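Dropping a structure here in structure tokens format, bear with me for questions.
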Amino acid sequence: MATITGPLSGDAKNTVVEALQGALVDLIDLSLVAKQAHWNLVGSHFRAIHLQLDELTDLARAHMDTVAERCVALGSSPDGRSATVAKSTRLQQPEHGWIEDGKVVATVTDILAGVSKRMYERIRATEEADPVTQDLFITIAQDIDKQHWMFQAQR
Amino acid sequence: MATITGPLSGDAKNTVVEALQGALVDLIDLSLVAKQAHWNLVGSHFRAIHLQLDELTDLARAHMDTVAERCVALGSSPDGRSATVAKSTRLQQPEHGWIEDGKVVATVTDILAGVSKRMYERIRATEEADPVTQDLFITIAQDIDKQHWMFQAQR
Amino acid sequence: MATITGPLSGDAKNTVVEALQGALVDLIDLSLVAKQAHWNLVGSHFRAIHLQLDELTDLARAHMDTVAERCVALGSSPDGRSATVAKSTRLQQPEHGWIEDGKVVATVTDILAGVSKRMYERIRATEEADPVTQDLFITIAQDIDKQHWMFQAQR
Amino acid sequence: MATITGPLSGDAKNTVVEALQGALVDLIDLSLVAKQAHWNLVGSHFRAIHLQLDELTDLARAHMDTVAERCVALGSSPDGRSATVAKSTRLQQPEHGWIEDGKVVATVTDILAGVSKRMYERIRATEEADPVTQDLFITIAQDIDKQHWMFQAQR
Amino acid sequence: MATITGPLSGDAKNTVVEALQGALVDLIDLSLVAKQAHWNLVGSHFRAIHLQLDELTDLARAHMDTVAERCVALGSSPDGRSATVAKSTRLQQPEHGWIEDGKVVATVTDILAGVSKRMYERIRATEEADPVTQDLFITIAQDIDKQHWMFQAQR
Amino acid sequence: MATITGPLSGDAKNTVVEALQGALVDLIDLSLVAKQAHWNLVGSHFRAIHLQLDELTDLARAHMDTVAERCVALGSSPDGRSATVAKSTRLQQPEHGWIEDGKVVATVTDILAGVSKRMYERIRATEEADPVTQDLFITIAQDIDKQHWMFQAQR
Amino acid sequence: MATITGPLSGDAKNTVVEALQGALVDLIDLSLVAKQAHWNLVGSHFRAIHLQLDELTDLARAHMDTVAERCVALGSSPDGRSATVAKSTRLQQPEHGWIEDGKVVATVTDILAGVSKRMYERIRATEEADPVTQDLFITIAQDIDKQHWMFQAQR
Amino acid sequence: MATITGPLSGDAKNTVVEALQGALVDLIDLSLVAKQAHWNLVGSHFRAIHLQLDELTDLARAHMDTVAERCVALGSSPDGRSATVAKSTRLQQPEHGWIEDGKVVATVTDILAGVSKRMYERIRATEEADPVTQDLFITIAQDIDKQHWMFQAQR
Amino acid sequence: MATITGPLSGDAKNTVVEALQGALVDLIDLSLVAKQAHWNLVGSHFRAIHLQLDELTDLARAHMDTVAERCVALGSSPDGRSATVAKSTRLQQPEHGWIEDGKVVATVTDILAGVSKRMYERIRATEEADPVTQDLFITIAQDIDKQHWMFQAQR
Amino acid sequence: MATITGPLSGDAKNTVVEALQGALVDLIDLSLVAKQAHWNLVGSHFRAIHLQLDELTDLARAHMDTVAERCVALGSSPDGRSATVAKSTRLQQPEHGWIEDGKVVATVTDILAGVSKRMYERIRATEEADPVTQDLFITIAQDIDKQHWMFQAQR
Amino acid sequence: MATITGPLSGDAKNTVVEALQGALVDLIDLSLVAKQAHWNLVGSHFRAIHLQLDELTDLARAHMDTVAERCVALGSSPDGRSATVAKSTRLQQPEHGWIEDGKVVATVTDILAGVSKRMYERIRATEEADPVTQDLFITIAQDIDKQHWMFQAQR
Amino acid sequence: MATITGPLSGDAKNTVVEALQGALVDLIDLSLVAKQAHWNLVGSHFRAIHLQLDELTDLARAHMDTVAERCVALGSSPDGRSATVAKSTRLQQPEHGWIEDGKVVATVTDILAGVSKRMYERIRATEEADPVTQDLFITIAQDIDKQHWMFQAQR
């Protein structure tokens, strides 16, 4: 079977791959949580938030692909299976059932703050080891921060 | 808090909602499994299967939205959270790590056969209760069967 | 003058044509009521509802064409003239003048519930007589139910 | 409840609003009559006229929106409900049932001549009161006259 | 050599596959007959009918693909070779040479009536055996009936 | 150096050029104020107003170009520099810092009422001197009035 | 043979039709002169002017169609034949052969000044008789003045 | 002043340039005659022929550009001025005024036959001298012949 | 009934028409054979060949239209009916049933070699009689040769 | 009132926000200066520079939005009002009136050199404090440097 | 290893393949020289020539692909490696460093004249051997001659 | 002659320019090698690799432009002439003639590993001197690594 090799090795590779796997779980679960809220949302601000949650899903899906494919390009196998996501996610999980708009805004704001915080940690962690991966996290952090502001602004 | 009501009630509603929730888990996990294989694939047929798995992901994502939104329109809250998917999925899970192309084709073929089988059960289960939901399952089954053939054909 | 003939005749044709003519009036008046609310809307949720009412108008216009053309294809002349719509519509009519956003949401929710109910009756009524027409009603019911949910969710 | 105010007041406003409401009814009923003919048309020129009637519907729908929204911008509530259209329309109504192509051409030509005539009256009526509204009627008159020629030319 | 298996077996599969093979021949030959008329047409209505025949060809080509691929997805090999089409087609064949527009309209109207009739038989034949295939025939029948009306209307 | 000449001269030219320069300042500052509010907005209606302010910016940018280029075509040099805009603008300036959604709606409504009023003065001022420039102001007034209504409606 | 009638008659119609026929000849010959210069141009500014002349041709072609069709809609037959254009054109004709870029700019500037002047005469001539036609000339004058400026600016 | 030189010289160049200039006049006048008929057309087949004449105009305009630019590329100045077209055209000129559809079809058929005939002469004339120019005439002849058939077919 | 005449007559016409009719049958059957293989294909290279066969079908369909319409433009009626294709085709027919990918590649390579060979004969046959038709065959031969290479390359 | 918080605080936040506010003023005034030159430009290179200045405006507008929204996402309110821009801009202001092309090129080249210099200072200033904001300045600097080269190259 | 065979053999094949390899080197090096000038250009006509050189690059890249793939389709392996291009190119090479616009125009004009001359030799060389390849050279020569004129015209 | 100056000088400029020139040669030759393999490829995986090589060519062409233009923006003249590329390329050159698919995959994988390695050296080399250029290399490295993985995966 073909083995994939990439430009890194040793500790540098381990550090970067760990950061990428963490980001992958963050982003897959962000896409699932955003969809869950997109479907279960109620309240007078329904339409605005319903649409914005789909933009968030699209953004999470696009970045999860970039992150996983960077992991592969470094020669390490990413793990995005549902069991892995469920057991390693650090996102606050919404309750089952309908969720009022104000609560969705508050919850997503908090979730995005957490994802942002971890992305900055990953930016720092990968600075020495791999500026290419770091650049991906910088781009993702910018998008997450922007979403964080926009959810926050409508509280 | 607003409550959502729809055209069904009683047993009919319970039957249909249960089928929709089952389909939702099938489709979310199908999208995750297809992505997992898309990233971890190796072998001389890499490019063809890599691209086809993305078509499968797109298809699963489009149908999961329709299914969840039908569930909402019937007045029942769908559950697409990672923990729910992980514990209730009926899809065979891929091993962690690289997967050879032949194994991907075989695994995805089997997974699609399982999803197809459950969709036909849902078509039968909802025939009396809700022809609108049944029509969604019919459309999904057609797409799943087509994908099943195309993976099968390249074994 | 050319006469149009189609695949049905007798009672089957009468049943189906009556259902189609009823649906045609529902959909034309739905497009007019949605536009009326689109123009006369006031309130802090103006923009979201203004835009959603245009989506509803587009949906009603697309389906009215399909319904009328199915009627013609069965060899019966559809009647979509304003006098016919005005006198046979079963939609609750909005008062003249400005309408507050909350009231628009409530009114449109009720109207959509009524249209949905009649579509399910038409689905049942045409099941034996013409599965092709029934399939059109199934598609329309799915769209109406989805709109019904989305208006309902923002009450 | 919010009240809408605009740049006009007094007689000027009354004159302009009356012209806009008249144009709104003309354009809504023109869209309904064009669709009625689009569906009920028979004759060897079917396809050409069927397509042209859809262009006429699109044109009427686009202008009705502009006219109603100008009315709102002036602070007056437009009325485009089916009952209002049915009782105040000045368009010649087609008979129920199939209509031969030559008759459609003749009828639509006459209807367009009537709409054009009223648009010129509105152009004159609003010249002093509101050049902005007048400019809308000028644009509509140009389109109506063009359609009038094209239907007339194929008699 | 890979063998293709699908969700049906036994009599159900035989019934459905036979209906699909019949529809495939109908649709391939419809595309050839429409092109033949598209090229050999003469008469003052040339342009309208020439264009409409191309729409008919496009429609036949799109549906033939869906029908053949459903057949494959059920595990049966479709046969769309010219010899098979020529010997099993049930469409009335146009004479060789130029065809006047009125005759084209009459002939295509008759051909479409025949195809429609057989599609309704296939809808009935597959109802029990395979609602997914039945749904394809329902969609095709709707399109064929619409074309039938439009050719008929211009007689 | 080339000098630009146009169709007007003398008083007519002076009148028209003055009106165009006034409109240019109105429109440039409208684009800046709309962006300022777009960025500094907070409140539960954030998303709807955030998006609408961008439509307002686009509209102001498109019209500023037309107005400046008409000025040039008449042989007079337009002045759209920041110092000129800052010292001659007649738009109410927002305070520095975050602005709540209700306040944004009220402020923009007032600003648009002022711009509209000045556009009608320019329509009157240029009627004799240059119907071409007047027609530009008529078009702009229609758009400004429409935006004015839509902000007003959501108070 | 069908005769075309329109909203005007008597002197009003004669005045307007004469203006339209004059504009038609101006615009057809403008399109021919612009193409002639587009092909025969030489000089270091070749590319910029070559492209701008094509924009001028497109503009002249679009407006000639509107002008001729307004003439028809008024019930008068427009004349755009080459002999009519050649003998009634008032545009300065370029010499045969290569033309240097500076000369093209100067010539086109002069031609556009002449067309503009005649369009303003037509705006005045049709003000009373037909505000709809006047509005077409206003639009054309704006475009011609803009082109005039841009050619003038690069002298 | 720059002089343009190209790949040909002497008799070859003269022969080819003469053929190109002839084709240029044919194509410019074809575009004018097609527009003249497009505007002055009356009769029950109005719409079909009106649209087809615009396709013919587009085709003539596209080819006139290619022909003139080939002439320039050979170092010879093309002449497309209205006076040149008017005095050297070999196209049958339509009478002034309305033209019935049947007559338009007959006239355009004859005109296209003439243009086609001259294009074949140009194909033969340029075969030795310049296969590149010959290839342009071959492409034009194919398009002209196709238009000739389609007008002819609807007589 | 209208008769179609074109630029050729006598032997030249007969030669060219015969070549066109031969090419028409080649291309129609090529489109049917490519679809047959597209549907019945199995093997590990399924996806690549499945997609390439659809490109081949599109290419055959586009060229068959050009060839048939050239035949008509020459005044001769083309024959593309299924019986004609079936009895006069010179393409090797695939067996009924599933076809392995290697066999498809080999068969299609041979078929394309045959079509290419006949196209070169047609290029030679029409050189004197009709350079316009010859140019069509040259274009088709280039496309067929390219497909031939690409199928051949993957043996 | 909602307060916006972001990932930074203390000195880091102050440093980054100051850099963003400086960049915002640079970019807004760059968009105004570019438009001023776009309108007031004269000279033989008019068209090339006129178009390039619009590309510069688009670029400045796109980056000003990114910069202001990053400022907001960090929890600080950006200030883009005309008075702020006018008093804090560091761009060399063009004189009032027509500007010759050579002077425009020289002035814009100098302005871009200044903006570039300040962007590099901001890249250095934010390196420690916020790599996400630094990355925005890096992207902007690349675009500004490219524009600087292209204006410089045409001096 | 698969061997590629095509429709030619013997001397014909040798002649044609040699011409294709020569054209391939011409076109690859033309794309490189055009890019080199695109980057190193200075002078007041910078923008016009910079853009035109990119059109030339696109044209060269499109034709190089067609030429190389025709070579392959004839069963001969094309050689487009940098060393082959460098040692066999017949294009005049630009000096290293900045190039003034006038010099770029003169150099590219000369280069295009040379490429054109060789394309005509290839047209003659392949006339007997392969009309399909000849037709490719005819198309390329037309494009090269057009570019040659346009560069020449701006000297 | 204009001289181009940029934001860097001295050693920093030398370091960065050298890195950019090295990357330019890498990317130009990568585009040529990818095309060479695209054309000379044989083997059962032909289509997948043929298409992927074109994606690689597009990617190399896009990045070569960015790299060369950054070099110019820094005031240094890039050298992309064929002789320069041929003598300074560090890419492994393919043999002349047909290349089997497995060998292409292995060769391109090795070439991409080499390009990637040199890009990381350039990322390190430019970190101090120019973060803007470094960012370009980071982006290119990400794309090259992704291609490297995808070719590697199909060995």
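Per-chain residue numbering starts at 1, and chain names A, B, C, D, E, F, G, H, I, J, K and L are given in the order in which the chains are listed.
The rule we apply is simple: a residue touches a chain if its C-beta (ideal position, glycine included) is under 8 Å from a C-beta of that chain, and two chains touch if they have at least 3 such contacts.
Keep in mind the model is a prediction, meaning the values are calculated, not measured.
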item	value
Chain pair equivalent in interface to B-L, over half of contacts matched, among B-C, C-E or I-L	I-L
E-I against I-K, pair bridged by the larger set of C-beta contacts	E-I
Interchain centroid distance [CA atoms averaged], chain J/chain K, Å	42
Gap in Å, rounded to a whole number, between the CA centres of chain B and chain A	23
Distance from chain D to chain B - Cα centre to Cα centre, in angstrom	49
Multi-chain contact residues (two or more partners), chain D	2, 4, 42-43, 45, 48, 69, 72, 135, 153-155
Complex contacts: residues of chain C adjacent to chain B	116-117, 120, 123, 127, 134-135, 138-139, 141-142, 145-146, 148-149, 152-155
Residues of chain H that touch chain K when the two form their complex	2, 4-7, 69-70, 72-74, 131-132, 135-136
Residue ranges of chain G in contact with chain J within the complex	45, 48-49, 51-52, 102, 150, 153-155
Residue numbers on chain C that touch chain D, as the complex places them	1-4, 28-29, 32-33, 35-36, 39-40, 42-43, 61, 64-65, 68-69, 71-72, 77-83, 85-87, 89, 93-94, 96-98, 100
Parts of chain F lying in touch with chain A, wherever the complex brings them together	41-48, 50
